[in-house]
Structures are given as structure tokens and as C-alpha cells.
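In the two complexes that follow, chain A is the common piece, with chain B as its partner first and chain C second.
So, the complex of A and B:
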């Protein structure tokens, strides 16, 4: 009794309040970006070009400074949240759904389906997705959809591998065998008895992949293979500032700092969720 | 063992073939590949000649076979930008990319081996917290941005190191540091959990009972066994480092394969981009093949 209550207390004490608040804040900022941005993120202002942030001698008018066209960096970071979170959510929905379904089928059915799914998963995990994105940027043109498809091509494999492993561990348990003896069909067993048991694992994996998706999306956009300008994106802003790094470092540094803070928060929350929901899960 | 090698070889070749097919289909899906491959000022006669030579008026399956035939003979077309054969441009760059990736891997090992071991030995205490915090921070940092920040600090402000290009060893410091940092997190986490498992094993208890000194137990007996799963992961990470090097090469103006691929994207130089992608895939698939086979040599249990 004392043991469990101290443990529960330790868990509560470890509740990552600040990261959780950050996660909630990013969602709110993404939803209400248009209202929250103090300036028009696309508003060019020649009179206010390359103004430094407030802590480097600038003014509160542009707290994080302005870029080479006089656009407000803070407002552009606020708007950039939409693309970063949007891509992450779309990717995880698409890749997670496909990967989970294939992982369930592969794990439950076994045999050649299992071999085929797992070998393809290995192949997709090894495939250099950045280069595929470059090819797509040249052939079909860079876009939101391209980024989501490229990320989902890698992500489904991670989900499939993890889900398959879980299914293999669960499917020999007594209650599954009992359900089978009772005449339940494969689809019914997977849906009613296996899927609910791996939901915690799925939640943890989804959370931990948000940060990954945001970083890869930013990398692709940095290379010009993501959502093209003038839409404000974090990776695109870092790229735009690269040529002005000596005179106006904040153009690149500030949006990158936003990525770091947001991804760090999601990863911290993901780690905490894993410890709480699924302590056996490691290295995902 | 032969069976393992053969099956992995078939799998590697299949991956390469599928990649070439994907790139091929993408090139066809965006309208006529003549627009992608020929310069914009090509004459109608040049166009007609290209369509004739590549068989663009024939069924798509036949076109793919023509592409494969040329590829086997080492003909991947010429660069739209420079007119030189794509193979020449690409193979000129491979060495520098591999060098940088290897330097990055060396940095990653220098960082992550001590941290991983110390975290496991001092589980739950200072070192462990530090290592896990480091891993969390490492996984949360966008590598291209870290590169820019390091350029800002060490090249622009302090003027200690060059910001871009190749030259002496100084040019390796920043890019290999960023590459190494970017994969250290994964190695630290894996090594930590592997070490924790090994430190619990009977033979470690025996070594301690025998009166061996603790550093010998940890760094010799335990680490050696804990490294087995890590070695596979490191092989896999070498592939990751090579692929993620694309962004780092762009940040540091490193004239490797990744920078070439990036430039080809800007110039819409499709033949060069296509070959870069294929070479990247071949390198990564090759590394994974070697890792799988050597793992089979180390651990007989997976020779099936």
C-alpha cells in the first residue's frame, strides 16, 4: 500500500508540467495562429528590414526581429506552427493507420504475408527518404501532400514493426485461444481483443513520432522539398536566413529554436507517457 | 550461412530495383521525361532524337527495360547543367560523402560509448540523468539548425573554424560534430539498456566474486557483451548518417554527393539527381547487407 502510493507520488512528481503546457500551447497556437500573430506574416515592410530581436537591441514592436523583407519573425513562427503540426498529424494518421493495419495482419496471420510485410518494412526504413523528397520536388513539385506521403512511407514501417511484435506476444495468451475455441473469427479477435491491448503502445509511439515528423519536415523544407514559400514554415525560414547569417543571425536561429523547444516538449511528454503507460516499451 | 547471404543479396538487389522503378515512374508521371532530361532550349530535332533513342513512344514497360539496359552499361545520361556524363559528376563526389560520414560516426562513438556505459553503471543517478538528458536534447535538435548555430559561433563570431567547403582537418570539425551529435542519442539509449541487461548477468557477478576490479568488469567484460546489439545498430546508423548528411552538406557547402543532389534539385538536373538517388540507395543497401551478413557470422542463431 505504502509502496504503491509512494510510487504513484513519484509518478505525479515527475509529471512534466512545462512540456505538457508547451504541447497544449502549440496546438492552441496552430488553431488560432491568424488571431495570435501580431503582424501579417507575409507583410513586407522595407522600412523595417533586418531589425534585431528585442533582447539584442530591437524593440517590442518586433520581439524576435524582422527578416530581410521586413516581415515579423515572431508572426511567421506562429503561422509556421500550422504547417509543422499539420504535417505531423497528417503523417501520423496516414502512416500510423497503414502501419497498424499491416502490423496486425502480419502478426496475426504470420506466414508469407508476415514475411512480405516485414521485408518491405525493412526496405522502407533503409530507404533515404530525403532523396525521394528531392526527386518528388523536381518531378511533381514540392507541396504539403508530397511531404506527408514521404514521411508516411517511413512511418508506416515503424508502426508495422512495433505492432507486429506486440501481436506476436499477445496472440498466444489464453484468452485469445479461448476466443478462438469459442468460434470467434480472426478479424473479430484482432479488433476486440488484440487492438485494445496495444492502444497504449500506439499512443506512446504516436507521441514520440510527432517530434521526428516536425524535424524531418523542417529538413525537407530547408532543402526546398517541402511546402514552398511564401507560406511561412520553420524549415523555410531557417533556409532564408542562411545567406544573412553574418548580419542577421536571428532570421535562422529563432525558427530553429522554436523547432527545438516544441520537439523537446513532445519528446519529453512521449518519454513520460511511455514510463506511465508502457514501461516495457524501449527504444521506440 | 550461404542461404543467409543469398537471401539478403536478393533482398538488396530487389530494393535497388524497386528504387529505380519508383524514380523511373515518377519521372514519367510528371509529363514527358524529355522535359526533365533535355535542356529547356533543346531543338525539336534533339527532342525527337531523344524520344526515339529512349523509346518514349513505346509502352512504359519497354521504356523501363531500355533504362535498365543503359544503366547496366553505365549510361545514366548527361547533366543538363554541365553536359558531362552523370556518372562522372556523381562518382567524383562519393568519396567525400563517405569520408564525412565516417568522421561523423567516429564522433558519435566518442560521445556515446562513455555516456551509455556511465548511464548504466550509475543508473538513476547523476551520470544517468545527464546521459538521458543529452539523448533527449540530441533527438530534439534539428541537425541543420545546429550546424548553422555552430557556424555562427565558431566561424562568424570566434573565427576559429571555416564555415564551409573542404580543405584541411579544420573543415571536418563542425560538420562531423553535427552529424555525430545527430545519431548519438540513439546509440546512448541502446547501449544503456544493453549494458543494464548485461550487468545483471551471472558471468558479471562471477567476475566480481573472483575479485576483479570494477573498471575491468565494466569496461572489458560487460561492455564487450553489451556491444553486440549495438554493433548492428551502428551499422544501420552509418546508413542513416550518410542519408542525413544531405542536409549537413548543404549547410556546410560540403561538395559531396548530397550537395550535388541538392544542386541538381535547384537546377532541375534530373539525370544527375536520379543517379545520386540510386548511388545513395546502393551504398545504404550495401551497408545493411554487410551488417546483416556480419551479424550472422557473430551470432549463429540468426543464420536461417
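So, the complex of A and C:
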């Protein structure tokens, strides 16, 4: 009894409670942004321009202050969560799916397919994604889709590399040979025997990429190559506030803090998941 | 159609080349043997003598990047498997020829339940679905004497001990009702008591199904317990084939003799264990003459120049050695 309860306590203590709560909170905020935002994030209010946050002498009406057009910073951060997380999820779904499929094929088939996929992955990883985004922003025009496509172009290569490495290790296992002895075909073996073995790794990689996607999306928007205004995004808000950083620092700093906290949380949870899901470290 | 007289598997002059950065060579070199229905043929030899490669060649599952089956025939039930297409070959694997491997710890997928892995073979080979599938899986586990089969189905491989896992591997291998089971050192990783129980189980299943077993091992105790006939491999070649008791009583090839002498015996008190001098040749080394000649105590000039043919002796031995010419 005492044994199990102490062990349970030890497990509980190892949980990254705060980051986990943050991750859960961001998901909830993103889902219910419209309900949670106290003001219209696009609503201009000339009477309440550059109001400071509540802890710097402002009022609870605008807890994190207002920007130069009198828009509520808190409401804009709340809606920005939706955009940032939306970009991250869409990117990881798109890039992750393409990368995983290509990695599986490359690792299992080997030969020239492997060489082709992996050299392209190297190419895409080496290519500066910011430059590509800028080019696309100029030619196609900046949009949510452009950001997702640009990020996915880089992300698929990370997934492909990791998945291919895992497949190379797993396909030499005895149970893969036995599956072939049993007459199973290549696609079946990959789907049924190899993929379940790398799901853990994929989950961890996905979590760790959320932070990266949010930061790159913010950078792109900051440079004007991301999701265009007036849609509130964290990167865009940081950029907008830059000119007023001396008089109204909160316009830039508040969304900056949001980026910091969210990225930190996702990365911490990702690291924790990696340790938990690693069968070598897990006590059965 | 006299079934007793027809071998279920005839391997004729099989050659499997292996190659890479270190050069080329024959991992399986002109190997021929027969396997009758219900018979156990032992394949013995040192590590690297080509036993496992021979097994994989029969299934045509040698590593595709490094190996290539270049010659011979693998006649199964009257048809040459080496002439089959990939798709046709898949129809043979599991359903007609199955396999179990050395290490049961690695032979099962750790992330799938035992049930899922048995279902897979049953679906593939017998096209079973739903309740019938579950029932057949339970029957299979019962056959390999797993206590409480229904519970076993939802367990993961790590819930079982080594011996139990090897039984599960056996159940999966038997799911397609194969004619031949290739057993590649199936008991090497098990401890002796578990080993005996597993071999008994294998024997009883063999009797019920008239299963032909190609049994790879380097353990002569296991050979004497399991095998009807034994083929001794050296450097990719079969140097001697004989019924088990005759091989033990009167080995005809100098290599078999040396191999039997190097088996430790509790009744024989010896100062040192016997070891065959020298080492087996590398697969990649160029060959002239008998591959055993450099280590053979009775090697003659001719042994170093010409490869001896395989000769059938009056006492039923088939041996490939110049000592037995004329």
C-alpha cells in the first residue's frame, strides 16, 4: 500500500504540472477564443489608446492594456493563440504526414528511393525558409496558407529523417523477418509492424515542433511575410508595437511573453513525453 | 501419388552468392538435400557455415542488397520455387513453408498483443474473421500448450517468459498449416528444461501434422533428440549427410569426426577440450579444392587441388571427401 502510494507520488512529482496546464490552456483558449476574449480584438477605440496594463496603473477593463488604436491587447493575444496554434497544427499535420510517409518508404525500400528522398530532405533543410517565405509573400501574397506551406516544406524533411532512421533499425528485427516468412507484403508490414513502433517517437517530435512552428510563424509575420493584418497574430503584434516600445512597451512585450511561455511549455512537455514514452526508461 | 516416397522439399545444387565491400563469395555453395514429409533433417555446422543462409534461400528471403541466389533448384511439392514470381512466393510463405527463429524475445512485435499477431497469420492464411478468428487463435495457443489461451490473446509479448514466447512464435508459424517448418536454432536461447519441453511439443505437433522440419542447430544433444537425418555443413557446403545414429556411430567425413570429438562429454574425463585446429575460411576467400583441407588431419595433395564430389556410400552416408573415392 505504502509502496504504491509513494511510487504514485513520485510519478506525480515528476509531472511537469505547470507546462502541462499551459498546453491544456492554450488548446482551450484556441478553441474558445471568441467566447473568452472580453473585447472585439479588431474593435478600434480612439478614446482608450495606449492604456497601460492593470499592474502598471491601468484598469481591469483592459488587463493587458490597449495598443495604439485602442484595441484590447488581451483579446488580441487570445485570438492570436488560435492563429498560432492553428498554423502549428496545420503545419505539423501536413509536413508530418508527408515526411512520415516518405521516411517510411525510403527506410523500408532503401536503394535509389532512399537516396532521392534523403538528399531532397537535406536540400530542404539547408534552404532558408524565411527567404522562401519572403519570396512567396511577394509573389503570391502573404496568407495563412503560404505560412503553412513554407513551414511544412521544412518540417517534412525533419520527419522523414527521423522516421527513416527508426525504420532502418526496426526493419532488421526478427519479427519483421517472421512477418515476411508469414507471407506479408511490404505495405502491410510497414503499416502494421513498423508504424506502431515509431508512434511514440512521432508524438514527441510533433510536440517539440509546435514551439518551432510558433516561433517561425511569429518571425515571418514580424517580417511581414506571414499572416497579414488586421488578423491578430503574436508575431504581428510584436512588430506593430515596436515603434512605441519606449512609451507603450506592453504592446510588444505582452505577445512576446505569450510566445515565450507557450513555446517553453510545449518543449518541456515534449521532453517529458520523450522520457515517459521511451520504453528503456519506462518501468513496466 | 505415393506420398511416403516423394520428398516434400528437394534442394538441388543451390548457390547463394554474397557480396559487398569485402568481395564476393558463395555463402551457400552447391547445396543439395531432401526433406520427406514428417521427417526432421538436422542442419549442423559452425557459425557462419551457411546454415541460416540456406534456410533463407529456401524461402527466398535472403537480404536483397547483399545476396543473390545464382543457381540450383528448390523443388517444393514438385515446383521449383526459384522460378516463382514474388507474388506467387508470398502464397508459399507461411501457408506451405513456415519458420521459427532463435530468439523468441525478438521474434514478436513488442507493441502488438499476442492475439493481434496470431490473428494476422490466421487472416492472411485462412481468411478468418470475427468469432471464428478468435476461436482458431485460442485453439492454436492450446495446441502449443499455453495455459489460459483466452487471456493469452490479450497479453503483450513481454508478459510471457522465454519458453512461452517461443511457443507463441510456434503458434504463429503453425497458423497457416504449413508442410514444412524451418526451425533456425529455436532452442538456443532457452534454458535446458524449457528446451526439452519445447522439443517434445514440436515432436508431437510434427507427428499430428506430418510436418517436415528443417532443424538448424549446433547442439548435438538436440540433434540426437530431434533429428531423423543430419546434414553437416562446412563453409557453405554440405560435407556429409547420414541418418542420425549412423552419423554419431560412424562419421565418415573428417570434419564430422572432428566436430563430434569437440563436443564435451561428461563420461569422458579429459585434460583439455578438443578444438579443431585453425579457423573456417572466410566466405570471401578464393577457393580451390576441399574447403576443409587446410584443417584436415588426413588431407592429401588432391584435396587441395580438386573439390571432392558427393558420393553415396553403401551404409547410407552421403559424403563429399576424397578419402571415400574408389
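In the analysis below, the second predicted complex is superposed on the first by the 266 of 284 C-alpha atoms of A that agree within 3 Å, B and C clash if a C-alpha of one lies under 4 Å from a C-alpha of the other, contacts with A are read in each partner's own complex, and residues count from 1 in each chain.
To be clear about the criterion, a residue touches a chain if its C-beta (ideal position, glycine included) is under 8 Å from a C-beta of that chain, and two chains touch if they have at least 3 such contacts.
Bear in mind the structure is a predicted one, so any value in this text is a computation, not a measurement.
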Pick one for A:205: touches chain B only (first), chain C only (second), both, or neither. neither
According to the contact criterion defined above, which of chain B and chain C contacts more residues of chain A? B
According to the stated criteria, A:33 is in contact with first (chain B), second (chain C), both, or neither; which is it? neither
After the superposition on A, what does A:252 contact: first (chain B), second (chain C), both or neither? first
According to the stated criteria, A:131 is in contact with first (chain B), second (chain C), both, or neither; which is it? first
With the two complexes superposed on chain A, say which partner A:173 touches: chain B (first), chain C (second), both, or neither. second
For A:181, is the partner it touches chain B (first), chain C (second), both, or none of the two (neither)? second
Going by the contact rule set out at the top, does A:238 touch chain B (first), chain C (second), both, or neither? first
Name the contact category of A:197: first (chain B only), second (chain C only), both, or neither. second
Would you check which partner chain A:110 touches, where first means chain B only, second means chain C only, and both and neither mean what they say? second
Residues on chain A lying within both footprints (that of chain B and that of chain C): none
Enumerate the contact residues on chain C facing chain A in the complex. 59, 61, 65, 90-95, 97-101, 103, 106-112, 117, 120-121, 124-125, 158, 169, 172-173, 175-176
Note which residues of chain B are touching chain A in the complex, please. 11, 14-15, 18-19, 22-23, 26-27, 29-30, 36, 136-137, 139-146, 148-149, 151-152, 156, 189-190, 193, 236, 239, 242-244, 246-247, 250-251, 261-262, 264-266, 268, 270, 273-274, 276-277, 280-281, 284-285, 288
Counting only contacts in the complex, chain A reaches chain C at residues 110-111, 173-175, 177-185, 192-193, 196-197, 199, 279, 284
Interface residues, chain A side, partner chain B - complex: 119, 122-123, 126-132, 134-140, 211, 215, 218-219, 222-225, 235, 238, 241-242, 245-246, 249, 252-253, 256, 259-260, 263-264, 267-268, 271, 282-283
